[in-house]
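Shared between the two complexes below is chain A, which pairs with chain B and chain C, respectively.
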Partner chain A sequence: MTDSFKQLIDKVGLPRLTIILFLVALMVVATVNHLPTSMLLSNSLVRIGMNGVMVLAMVPSVQSGAGLNFGLSIGIIAGLIGMLVVMEFKLVGFFGLIIALLIACALGAAAGYLYGLVLNRVRGQEMMIGTYTGFSIVSGMCMFWLLAPFRNPEMIWVVGGKGLRMTLAVNDSLAQILDNFWQFEIFGVEIPVGLLLAFGLACLLLEVFFRSRLGVSMKVAGANPVFATSCGVDVDKMRVLGTVLSTALGAMGMVIYCQSFGYVQLYMAPLMMSFPAVASVLIGGASARKATVWNAVLGTVLFQTLLTIALPVTRSVIQGDISEVAKTIISNSMILYALTRKEGDGE
Partner chain B sequence: MKERIRQNAVPVLFLCMCILGLLISGQNLRYVTQELISRLARNWFLVLSLIIPVTAGLGLNFAIVLGAMAGQVGLIVATHYKLPGLAGLITAVVLSIPIAVVLGISAGHVLNKARGREMITSMMLGFAANGIYQLVFLFMVGTVFPVKNPQIMLDNGVGLRGTIELKYCKYALDDLIRMKLFGIHIPLAPIIVVILLCLGIRWLYQTKLGQELRAVGQDMGVASVAGINVDRTRITAMVMSTVLAAIGQVIFLQNMGTMNTFNSHEQIGTVAIASLLVGGATVSRATVGQALIGTLLFQLLFIISPAAGQRLMGNAQIGEYFRVFIGYGIIGTALLIHSWERATSQRSASRQTRGKTLEGTGNN
Partner chain C sequence: MDNKWVLQIQNVSKEYGGNSVLKGVNLSVKPGEIHALVGENGAGKSTLMNILFGMPVIHETGGFEGEIWLNGKKAGIESPKNAMEAGIGMVHQEFMLLPGFSVAENVKLNREPTKSNWFSKISGKKLETLDLHKMGADTRRALDRIEMTIDEWLPLVGMPVGHRQFVEIAREIDKADLSVLVLDEPTAVLTETEASNLLSVLKKLAESGIGVLFISHRLEEVYEIADTVTVLRDGEMIATMPKTETKLETIAEMMVGRKIKRLGTAESGRATDDGDILEITDLCVDMPGEYVNGANITVRRGEILGIGGLAGHGKLGIANGIMGLYPSSGTLICDGEEIPLNNAQSSLEAGLVFLSEDRRGVGLLLDESIEDNIALASMISKKNFLKRVGPLPISVLDRKSIREHADKMISLLEIKCTGPQQSVRRLSGGNQQKVCVAKAITMDPQVLLVSEPTRGIDVGAKERVLSMIKKLNREKGITVVMISSELQELRSMCDRIAIMYKGTICGVLDPDAPDAEFGFCMAGKGGIPSD
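Right after this comes the complex of A and B.
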């Protein structure tokens, strides 16, 4: 009995097991307290779709050997700019969304390229440098938001007529556009088909990429740089490519997040957004050296479902919104746990 | 000479920025001096608490946030029991020390498991601990801990207020010795405490423990061969740093007078580390002098940047964001330069050895 239990822990991993057990416990409490299960499930699905692409962004950067992308906020900023441009010119519907995604992708790729070049010079310290590059850019962009030449009166401060507001509402034709696409209801659970399709498509494309020649060389470069060099793979280039992909995915992920959330939050709001994404992929079973698309999907599903269910369940027991605190504790402890493991730094 | 300029490039650059900012902002010099002195008196101690881990090779200790939390716990208790003045302050310190010791030991153990990634780990430790701190003081006070005190708690009786006024021990240390020089109020007592700490750190480095800390910082392998218990020494360094940070936070907050229950400690980590780096310290080398000068320059920039932003861009908010940016930016840049240099020196070292081997084979 104890042996098989130990085997289970080894196979699933202690943190993942804890989170699954916690999730099951919450579900039991939810059913016992007669909470609206269908609504909880609908919300979970939306949150999975909202956050999925940003978590997926971790995969290429880990695979290429550049480690977990703690500087995801760089991509997030690119996504915000894409969203803002579309809102400034009042582009609507799917056309607006696609333009936002394109701008986000282009800016993200460009920023990711520069960021990748930096990361190549600071091997072994990517996580720390990434975090502080992200922090610097988010705080530096605060000045940009104040000075940026946006004219749309719905976006800038009423008093003074200059500078973007803290929180901008996405206009109706763009908000939840993916969520509502082909949406249907089954047993009272609303399925945001468009949103999940977008996430699924991103996963599929990434998986296809990893099976391509370029993708395989990237994986090799990440797994064994010495061997890769001897095979004629340019390791530095692969790391840059991984970072570019990661940042571009992060940017597009942010656009998807914003359209589903319905608001664009500026200034210091994106500061800590990369940590839950890092934590999600770790919860899915990834390490700083190994991450697959499956890890990202599983991690997102587990983490987001947990957070969605935790809120109403705890609210039925105690007052106040505990979900932000739970998010902080779970995501940071998860990263901390991964850092103290030996695998965190290669085999 | 060249080496010396290179080493002092960062403080000199910041000095230039400060002078420029001072000229642009056009602020009253007396106001700036008064503000600077009180800021120095409250920040120096915290910045100094960072030095010992750097010496021990643990890098910049982002986990001083843990110590700051311990200090705040002490202050919360002291405020709850309405302990006045110095008595309250001493109670806060005495209460926070055991908490800081426990937190420091745990942090040391965690960092020993994450060798080579100490800084990011200490940062994540701070974030994770902050989550637990929030859980305790937002949800458990009033439910698990039966506390009733409408002055510091939210109206529904659960959780602490976002800002707590420390009216009982405000200025308890600052006003201990009153002194005025050219119309500028000088908080002498905190400055004396800082001087004592500086002397204490000097003294520590002359003791056996200090030598061990240095040895571990230079090379863990060599230190362990020399019979030093490396793990233990590193934990000791963390405990000392955490305890000092706890005391530092109490000194800081008695001057502020109000505590942002859920933010004060978070800001401390960034501000203190940026200050140390502005003084020219690196991830592997930091001195008392660098800490003192760095704090001076960083705080000066802090004081003048909103006014400078107002004058330059017509928007004081720009200056506010500028100082946040400088805080993060200086840490980012310092880390970048450090690991960049290390990578370059490693590469040139490996090239040299390779060259030597080639020479050797050539001779054969």
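Right after this comes the complex of A and C.
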């Protein structure tokens, strides 16, 4: 009995087991208090699909040896620009979404390339440098938002006629376009099929990539740079490629996030957005040196479900809203926990 | 005990986890004598030093047997502090200096002369003001004794290594009660002029009555300055003799010695004369500690060529340079085609495969499975083990063939493991080496460069690894270049043995050549080519 329990802990990992048990407890409390469980589940699914790709963006960066991508805000900004361009030209429907994704991907890849070159010069401190690069780019972009040549009157400040607003509503034909695609209801739970399909497709493509020669070379470069060199792998190039992939995924993840959320938030909004993504992949069992697609999926599911369910449950038990506090506590303590350990504990 | 010895080491033995590394060593140093301690890597020199200086590693592993006497008194050395108080000064191989501090601050560190002040009268000695004037003057005196002209208030940062070495010595001789100065490989990082300056300073110090214990594997400098030479091999004291009664070659021979019984020599006169497969001309490799300075050698098709020499003379640099792991220059011709250097991929494409001496660092992905370790290098450099995804133009890993191949290798090489998915970190050294060999075989080599194949693995596994390499050579016709610090190993395996000295090939010898000839070569006294 104790043996099989130990095996279970070894396999799933203590943090994940704790969170799963906590989730189960929350569900029980929710049912007992007659909360609308089906709605909670629907919301969880949407949030998983919304955030999944951004969490996935952590995987190539870790695998290539550049550590967790705390500079994901760079990709997020590329995604925002993609959305803004589409909104400026009033492109609608799937055409608009695809254009937004393409712009985001291209800008993200270009920015990721430059960011990768920077990271190659600061080996061993990528995560620290990444955090502050992210912070400074977000702040720097505040000026860009004010000066950017966007003319659509729905997007710019009413007074002065210049500069983008803080929060922009996404056009109706673009908002929730993936969520509503093939959506159906089962036992009162709405399944956002399109959104989950997009996340699934991204996972699949990334998984295939990591089984290809290039992907394995990248993994090897991250696991042991000298070994990789002796196999003829250009380690620096692999690290840049990992950062490019990560940033581009982050950018596309942001487009998916915005269309589902229905709003584009500018200025300081992207400042801390990399932290929940980092925390998610860590909750999924990754470490700063090892992360798999599976870690990203599991982490997203656990983290987002926890946040979605915890809010109404706590509200029903105690008065007041602690969801923001809970999110901050969970994500930061998870980051702290994972970074103080050397090995990944997910295997 | 009379006072004619400053330091006596009596019958000292030391075990690390049942593995005895020092066996009954006796050594005595007279005042004013320079006593040289020589031996190969792993001979026990460092352990002896650690004992002398009371390093914690000794006491954490159960202490040592035997006695140490200083100036006729038995010294119980439990910690570096004890050792210092007893009058032992140590100049370390890695400098123990603070780069941001000035020379004087480094020399007087933790022994600063102080003046009392208003605060210290209340709160005690710890808050006394430094007597900078006296610190400077003391340091100046110490520096003058070793003929250093540098300013005592310059920061250490940016100073050449040679100067730092002298600062270390100045710190030791500044200690008033210094009676023995121990130097561990002091010239390893110095240029030739710096080294010869150091040697003359040591002579002066010895003349002033300090006993000097000098550890080195550079025989020529030992021969230049030592009064007495002690040779250590495999933890045993081989001989102690006054320098005047010995010759350089004899010392070299004693150091290398006959470590293991011969495994039988290679069949001499084996027909390997199918022309040259590898031509190395003017190879220079910038590998720290193993520089190669213009080595020239050709490798014949189908032979096993040994490369030997004492540590630090560049034998490891040759293979690492050829494989593009360290910056190198020169020309490398494989099978009539010139291969660009500094490019691992091109060396691999030419069929050169390297079994690194740094198994855990370079050779393996420690946290990955055995099967991945065997297959991935071949997949990356030779595009093996890939399969198409349906009709798509994408290739992914073929897990099934990787597993089959790994199973085959595990049974072929008798790798002891729980299965192909076990991570290699958990394997023993010998089995890790076998995984490396499996990885190399999988790369389908034309020339196999094997570096220190038996380092850090137990005796049984040693023989198995060596016979495996021999088998590859005999049965698959793979040309082997084997680099090893164990001469006997080379002699039992190789058709020819090249000996490196100071980054160049000093001579190519027949494995049957007498020990003295190998000694000659290792000491840099030219050699007689075997053909």
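Here, the second predicted complex is superposed on the first by the 332 of 347 C-alpha atoms of A that agree within 3 Å, B and C clash if a C-alpha of one lies under 4 Å from a C-alpha of the other, contacts with A are read in each partner's own complex, and residues count from 1 in each chain.
Heads up, the rule we're going with is that contacts are C-beta pairs under 8 Å (C-beta built on N, C-alpha and C of every residue); 3 or more make two chains touch, one makes a residue touch a chain.
In this text, all values refer to a predicted model and were calculated from it rather than measured experimentally.
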item: Comparing the two partners chain B and chain C, which touches a greater set of residues in chain A; value: B
item: Partner chain(s) touched by A:143 [first = chain B, second = chain C, both, neither]; value: first
item: First (chain B), second (chain C), both or neither touched by A:133; value: first
item: Touched partner set for A:125, first chain B, second chain C, both or neither; value: first
item: Which superposed partner A:211 touches (first chain B, second chain C, both, neither); value: second
item: Touching partner for A:152 - first (chain B), second (chain C), both, neither; value: neither
item: Partner chain in contact with A:220 - chain B first, chain C second, else both or neither; value: second
item: Touching partner for A:325 - first (chain B), second (chain C), both, neither; value: first
item: Partner chain(s) touched by A:232 [first = chain B, second = chain C, both, neither]; value: second
item: Chain C - residues contacting chain A, complex; value: 323-325, 343-349, 354, 356, 358, 361-368, 376-377, 379-381, 383, 386, 389, 394-397
item: Residues of chain A that touch chain C when the two form their complex; value: 208, 211-213, 216-217, 220, 223-224, 226-233, 290, 343
item: Complex interface listing, chain B residues touching chain A; value: 110, 113-114, 116-117, 119-121, 123-125, 127-128, 130-132, 134-135, 138-139, 143, 156, 158-159, 313, 315, 317-318, 321-322, 324-325, 327-329, 331-332, 335-336, 339-340, 343
item: Complex contacts: residues of chain A adjacent to chain B; value: 70, 118, 121-125, 127-129, 131-133, 135-136, 138-140, 142-143, 146-147, 162-163, 267-268, 275, 318-320, 322, 325, 328-329, 332-333, 335-336, 339-340, 344-345
